[in-house]
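To start, the structure under review is shown below, and the notes come after it.
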Amino acid sequence: MALEHADVLRAAHLARLGLDESEAAHYLDDLGRILEMVDQLQGLDTEGVAPLAHPLDATQRLRADEVTETDQRDTFQRCAPAVENGLYLVPRVVE
Amino acid sequence: MQWETVIGLEVHVQLATRSKIFSGASTAFGAEPNTQACAVDLGLPGVLPVLNEAAVAMAVQFGLGIHAEIPEVSVFDRKNYFYPDLPKGYQTSQMYQPIVGPGEVEITLEDGSTKRIRVHHAHLEEDAGKSLHEDFHGMTGIDLNRAGTPLLEIVSEPDMRSAKEAAAYLKAIHSIVTYLGISDGNMAEGSMRCDVNVSVRPAGQEAFGTRAEIKNVNSFRFVERAIAFEVERQIELIEDGGEVVQETRLYDPEADETRSMRTKEEANDYRYFPCPDLLPVVLDQAYVDHLRDNLPELPAEKRARFEGELGLSAYDAGVLSASRAMAEYFEAVKEVCGDAKLAANWVQGELSGALNREGLAIDDSPVSAAQLGELVARVKDETINGKAAKQVFQALWHHEGDSADAIIEAKGLKQVTDTGAIEAMIDQVIADSPAQVAQYRDAEPDKRGKMIGYFVGQVMKASRGTANPQQVNALLKEKLDALC
Amino acid sequence: MHDKTLTELAAGLAAGEFSSRELTQSLLARIERLDGSLNSFITVTGEQALAAADAADAARARGEAGPLTGLPLALKDIFCTRGVKTSCGSRMLDTFTAPYDASVVERLAAAGAVSLGKTNMDEFAMGSSNENSFYGPVKNPWDLAAVPGGSSGGSAAAVAAGLVPAAMGTDTGGSIRQPAAFCGITGLKPTYGRVSRYGMIAYASSLDQAGPMARSAADCAQLLGAIAGHDLRDSTSVARGVPDYSEGLDAPLSGLKIGLPREYFGDGLSPEVEGAVREAIRVYESLGATVREVSLPHTHYAIPAYYVIAPAEASSNLSRFDGVRFGHRCEAPADLIDLYKRSRAEGFGEEVKRRILIGTHTLSEGFFDAYYKQAQKVRRLIRQDFLDAFEEVDVLMGPASPTPAFDLGANKDPVSMYLQDIYTIAVNLAGIPGISVPAGFAGGRPVGLQILGTHFAEAQLLNVAHQFQQATDWHLRRPALAEETA
């Protein structure tokens, strides 16, 4: 499945990675070769094979509904780039 | 042209767990910003989700409540997108294998008829945080207390054909989740939120029209109004030769209109894939059976029982079973007084009237069910008459006494049934009303029935409302007729 | 003191030959002297280490010492450590101080181990050479021109250079076993779910697994016992008893059935590496094992499947690094989208971006079934290959890597770099355990023998590896470091 310049830009946008045109061109080349390698998968007949999401056939364990966490806002916000009045700040979001 | 409206609803219900769906942080509403957002809720590096048992149980209870299939296996997926109130850059949700399969909800329309609305599925997911837009030097503030609160998203089939049906469906969902106790259903606090899909098509046409999705319509009233506006808009658009665009719209209650949300530069691509941090949820039959066996009676069953066993009218049964609080109150009153119809009349009449006047919910009623029950019992055993009963109710409402009996006693409202006492009052009234007696005597016998009302009123007044009205009536008739 | 095994150091502490403080001081001094050229540490936590050493000595004085009390080690900088910078080798987390300890860190501390610091690594564990670190490449102690392998390159180099007797690594596609092989040490990747991933910064959640890197299988057994076990905070950790991994180390190997996967001895395998591995297998035969060839027919699909699954999970796992709540944030963002795009473009290095882009692309609409779903199906076939093989044999053996450590800068092309992991990657897809043990040299650089077992066969792998180390001395060889030769 051939990769195009627009695919790289689209992925970069979805992943919120700033790329300029020349970087995009560079990644297009790399990603194209990686996908070419990955495309070997298409040659394998997997009819009737169930996808495997986890290596062990384990099932989800459930947690009792208990409040176990206490307020650690100050600790957590010490590593935050911008906070005010306990809120994380980001550039204005327009709805 | 005749148009038909087609509506489907996605209802998000916050589940009433103590802790979050994937962390041990509290879900309590109204805390200081970010004080209930733990490392997992904040999506700090290295932390992992662990699923809350209560959220699973509540989802299954809902499924059982709408007679849905409960699949043995359900799987959590990640819905990937960037937004500041979504800390991990993905929402953990269920795309391909939801916890609740197809089911149905019965709605009651205003004319008392019912209709079944199919539910496509319901799935568990985590709520996002909140963006606060008040001015932080041109910045937006992010509060992640709500992030990770468990949500059950209930997706209906496009089975509703009017705004009224949609509102009735939303009320039915509200009633089911509050009956089950799996949500407080508080729409003002966002415990229940609703996205509405609306389209129109020429009557008789099978294919659906292009739909618009109206986001975050958060009250029963707004659902009706948003749909009404949107339907008008779409019909007008088509009739003017235009086309409905598939888009997301926002309902503005102030302007009472929907408007297009700023179209994103490209369509979303959420890149759903199974969450590798969570394993498949497998529900064994015994677990589901246990939840089924412990399911409370739900509104539809209650309504049927009120009508069938208790002999209430369809209307009364519907109103009294609409909310769990109302039903519980009514049943408690009925228990104490032992008369379902009287209890229904009082709860629906005097009590509901008073609550409505003061804008109170039944949970906040100043008169408890036990108090009202005792009051109704005194009406039933004729200790007091209807007029006195209303006085007692007012006294209870204003906390002038702890119980109906105490108030009856203190106010001397006990019904007078002593014939001698009543006769004495009648004799006095007759003696004091020579003109009226003369009129009565001169009237045609078939007109006299109406004229007796004056004498009854006077006797009741003389007894300060405590005389038994039936007795007064009978004795008066006897005595007046003897004068003719 | 610096070339002793954990077992020997434990004996020295127990006999009172030296204290944990003395041991810690001596190694901190060695790090100070030697790590300038190796670059194996990102953060050295001398002060905390000495405090922990004193606490260990005090515990010992009270008679409360366990097998790991007072023993120094290092942690790959992927493990969150409370109050200590946890960078994951990335500029993105250069300023991040973790507010909590990873489960592995907590368990080692509870066992009395003394952490000397955080080791260098490929950024977000993405790499096979440790050249993808924001903090610069790590050098191989055997040859400073060579890479130490990756992504746990700092841990491997630090152990090989005698800066610490042991270190913790993580392995998503070979990141413990390959650097262990390149640096001539012993490294164990446990069964997926054996060790809690809580507090370990995720690369590919369904593949990541933490494990010990040390100078001997016996040391790895000791460490695995300390870190393994169920953790309520990790849904994927397995609720299953933890055996005493040291107990069965001495069991004889007579009758052991060894399988040699045909596909692990094919094209691209360096003849010298193959020679060393074949020689190691002869040692096993002399110990009473029987050897036969087996087939893992889907081996060649492992790298393609991995480069769909791992980047897909990574693209999602790394979305939380958005410059909002922690981590790098660009200067003066114009708007929200600018905040995201520049913070992430500046914070992530090239290989990380490459994998995020691949993962984002393969998950996107129209590609999901062809890539991700197909890769998951292939994953099942790959696991089945191993399960079938373990019906016939007890363990599988082969090279850990097709070549010994290559030169820094030698693999510029990402695809050829990815192909280096051909023998290690399928193991993560299958979730089985694997260990790499030193088995000779090729061109003066160490060669690793990889031994694989079925799910939860760690005790057997450790026994098989330990018996080899009783019969050979490859694991006792130490590089001649510049300072010492001078």
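Which chain is which? They are A, B and C, in the order written, and residues in each are numbered from 1.
Keep this in mind: a residue touches a chain if its C-beta (ideal position, glycine included) is under 8 Å from a C-beta of that chain, and two chains touch if they have at least 3 such contacts.
Composition by chain, UniProt nomenclature: A = Aspartyl/glutamyl-tRNA(Asn/Gln) amidotransferase subunit C.
Worth saying up front: this structure is predicted, and the values here are computed from it rather than measured.
On a Cα centroid basis, the chain most remote from chain A in this structure is B. Pairs A-C and A-B differ in how many C-beta pairs touch across them, and the larger number is found at A-C.
Here the CA centre of chain B is 58 Å from the CA centre of chain C.
If you average the CA atoms of chain A and of chain C, the two centres end up 23 Å from each other. Mean C-alpha positions place chain A and chain B at a centre distance of 41 Å. Those residues of chain B in touch with two or more other chains are numbered 39, 42, 44, 50-51, 80, 82, 84, 142, 269, 271, 276, 278-279. Residue positions of chain C touching 2 or more other chains: 96, 99, 206, 232, 235-236, 315, 319, 322, 324-326, 336, 340, 360, 364.
In chain A, the residues that touch at least two other chains are 10, 14, 16, 53-54, 58, 60-61, 63, 72, 76, 82, 88, 90-93.
Chain contact summary for the complex, chain A toward chain C: residues 1, 3, 7-8, 10-12, 14-19, 27, 30-31, 33-35, 37-42, 44, 46, 49-56, 58, 60-61, 63, 72, 75-76, 78-82, 88, 90-93. Considering their complex, residues 17-19, 23-26, 32-39, 42, 44, 50-56, 75, 80, 82, 84, 131-133, 136, 138-144, 250, 261-262, 266, 269, 271, 274, 276, 278-282 of chain B touch chain A. Across the complex, chain C meets chain A through its residues 95-97, 99, 191-193, 206, 232, 235-236, 238-239, 298, 300-301, 303-305, 307-308, 315, 319, 322-327, 329, 333-342, 344-345, 348, 353-354, 356-358, 360-362, 364, 367, 370-371, 373-381, 383, 413-415, 418, 428-432, 455.
Of all residues in chain C, only 79-80, 86, 88, 93, 96, 98-100, 102, 197-202, 204-206, 232-236, 312-313, 315-316, 318-322, 324-326, 336, 340, 360, 363-365, 368, 372 touch chain B in the complex they form. Remark: chain A residues 10, 13-14, 16, 53-54, 58-69, 71-73, 76-77, 82, 84-95 touch chain B in the complex.
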